[in-house]
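First, the structure itself, so that you have it in front of you.
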């Protein structure tokens, strides 16, 4: 067994890993923005806007992410929108994950009781102040478990982008495997790397949840 | 008009509807400065709605509310009623203090933080000044040692006392209490009633919706009985409890006071 | 311009390809539920090595991308002398992966069975095995049916990955047609609808079973 193969090809593999990481970060941020837009659209006065968003969400929930990727990558150019590989990938991830993140955010915001808001109004706080000082600070802690779970799913789905030749971790791995003819060794190291990073991420978020929500637990 | 006779809060011909149901039906009640009025009545009689309307949390459909002569929510103008801006309404509301049945403390802030919030965000005080004020008001309710704990770490009775301190910190002209002890465990009720009795003794203007008849009997200057959205009768406790003018009042009191008398054994 | 003729002409091929998708989903789904249930029972068995094994399995499946798992299984099968087994590799990989999530679902459902029922059966003298089989598992599976359906929908949405190892399911066929026709929307629209449709059928099936199981109890 050629266990040196994965380590001899570290530069290529690490390059792919770095791409995976920053695509994950970029797509997460975009999805959060998308989620907030979805929530705002729900409050919009224009009925057609609300309907449009609802159709979009229903569609996304039913389509596999690979099919969505192909639609973004193959159909959009037919409609005149030509995006490169990485933008297509980030867009796909964003379109796919925004509705889920919106659901989590909506649940968190809605869990802040009317009573807490009434108390704020009686003190004389403006609606904006109530959002800023009471609703949002609590919602972050409540939404965090759901959002980080989704982010971990998003990180895993970056591997799918390799089918449209985005040079992320999985793509680079396939190249290295075809070069070294040592699939088992290389994939083992790569899979282990994914596992270590994702498990660390999961543990970190659990720590974060604990610390953010400590004030709730104590009686 | 003679300054001395302007009521602290005047509710004039107030109506409120939810769909077809008339939750408040032509309710008029004046509360004078320094007076304690307790509102009693069966569930669904509109007592809590009355407080929400007085504080303009849910504006009425008809009638007017006046805070020391100043109309809340609207401005009287020769051409018709002009709604006040939301900033004005907010300022008016902050002159009224409210203590809720569900406590409604903000769980992500400490006790001191809860009391300080209005002072910092609305009155513009510095954190140091606000904390001093918070300390003062928390001492008034007997919780000066709990400044830096979170609401989840103290009992329900202590939480409600913090809520009272939070309302007091804004130095309101009138304090509204919406069944403040109804959601507390029985052994925690007294510590809250003690604070309220002390406030009454200090001549705080208070409107208290409550089921605690003993508290109403000894702390109230007048008791208002409401039933099905109407203000049936208002009288000092000595009169209302012994010789109610209305049959409905008599029926309610018979049931309510029997329970109370049974408790006393 | 939208070429509806192309869309109509592709439909028969796509319809046939969707039977492959359905077969993938069903086989992977069965594997997933069986594995997940065994794994859940392993965690609740109280035997440390079994617990550890199950936990390691769940952690591994959840800590790595499904796509990577699929490629690994596909590349590993030839090593044990099984060649040209793309369909089987997809079933195994998706089933293995989904089984980890089913573990959590079934474990929660088993723990939700009221202790009283188990204790009563024990008092009557039934063996632990019989208790599991006749009392705990049936109730648990009934409870978690909605969650299992959701998981099966996820299995369905994972099947397109098999297209990458040339399994002739719906997405693979779609990409094939697209690459020859040079136009995409006429093909991917029915494909998207196809997945939504199959998911709806899954949902109806599940509701039917839920209703039948409720009637029995």
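By written order: A, B and C. Residues from 1 in each chain.
One rule holds for everything that comes next: a residue touches a chain if its C-beta (ideal position, glycine included) is under 8 Å from a C-beta of that chain, and two chains touch if they have at least 3 such contacts.
Computed from a predicted structure; not experimentally measured.
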Shared interface partners, meaning chains that touch subunit B and subunit C: A
Geometric centre: closest chain by C-alpha means: A
Compare the CA centroid of subunit B with every other chain's and tell me the farthest one. C
Here the gap between subunit B and subunit C, centre to centre from mean Cα coordinates and rounded to Å, is 58
Mind checking the centre-to-centre distance between subunit A and subunit C? Centres are C-alpha means, answer in whole Å. 23
What is the distance in Å between the mean C-alpha positions of subunit A and subunit B? 47
Inside the complex, what are the residues of subunit A that reach subunit C? 59, 62-67, 70-71, 74-75, 78-79, 156-160, 162-163, 170, 173-174, 177, 183-184, 187, 190-191, 194-195, 198-199, 202
Quick check on the complex: what are the subunit C residues that touch subunit A? 59-60, 62-69, 71-72, 75-76, 79, 156-161, 163-164, 171, 174-175, 178, 183-185, 188, 191-192, 195-196, 199
Contact set on subunit A toward subunit B in their complex: 113, 115-116, 118-126, 129, 133-134, 137-138, 141, 215-219
Along subunit B, where are the residues that touch subunit A in the complex? 55, 57, 86-87, 90-91, 93-94, 96-98, 100, 102-108, 117-118, 121-122, 150, 152-153, 163, 166-167, 170
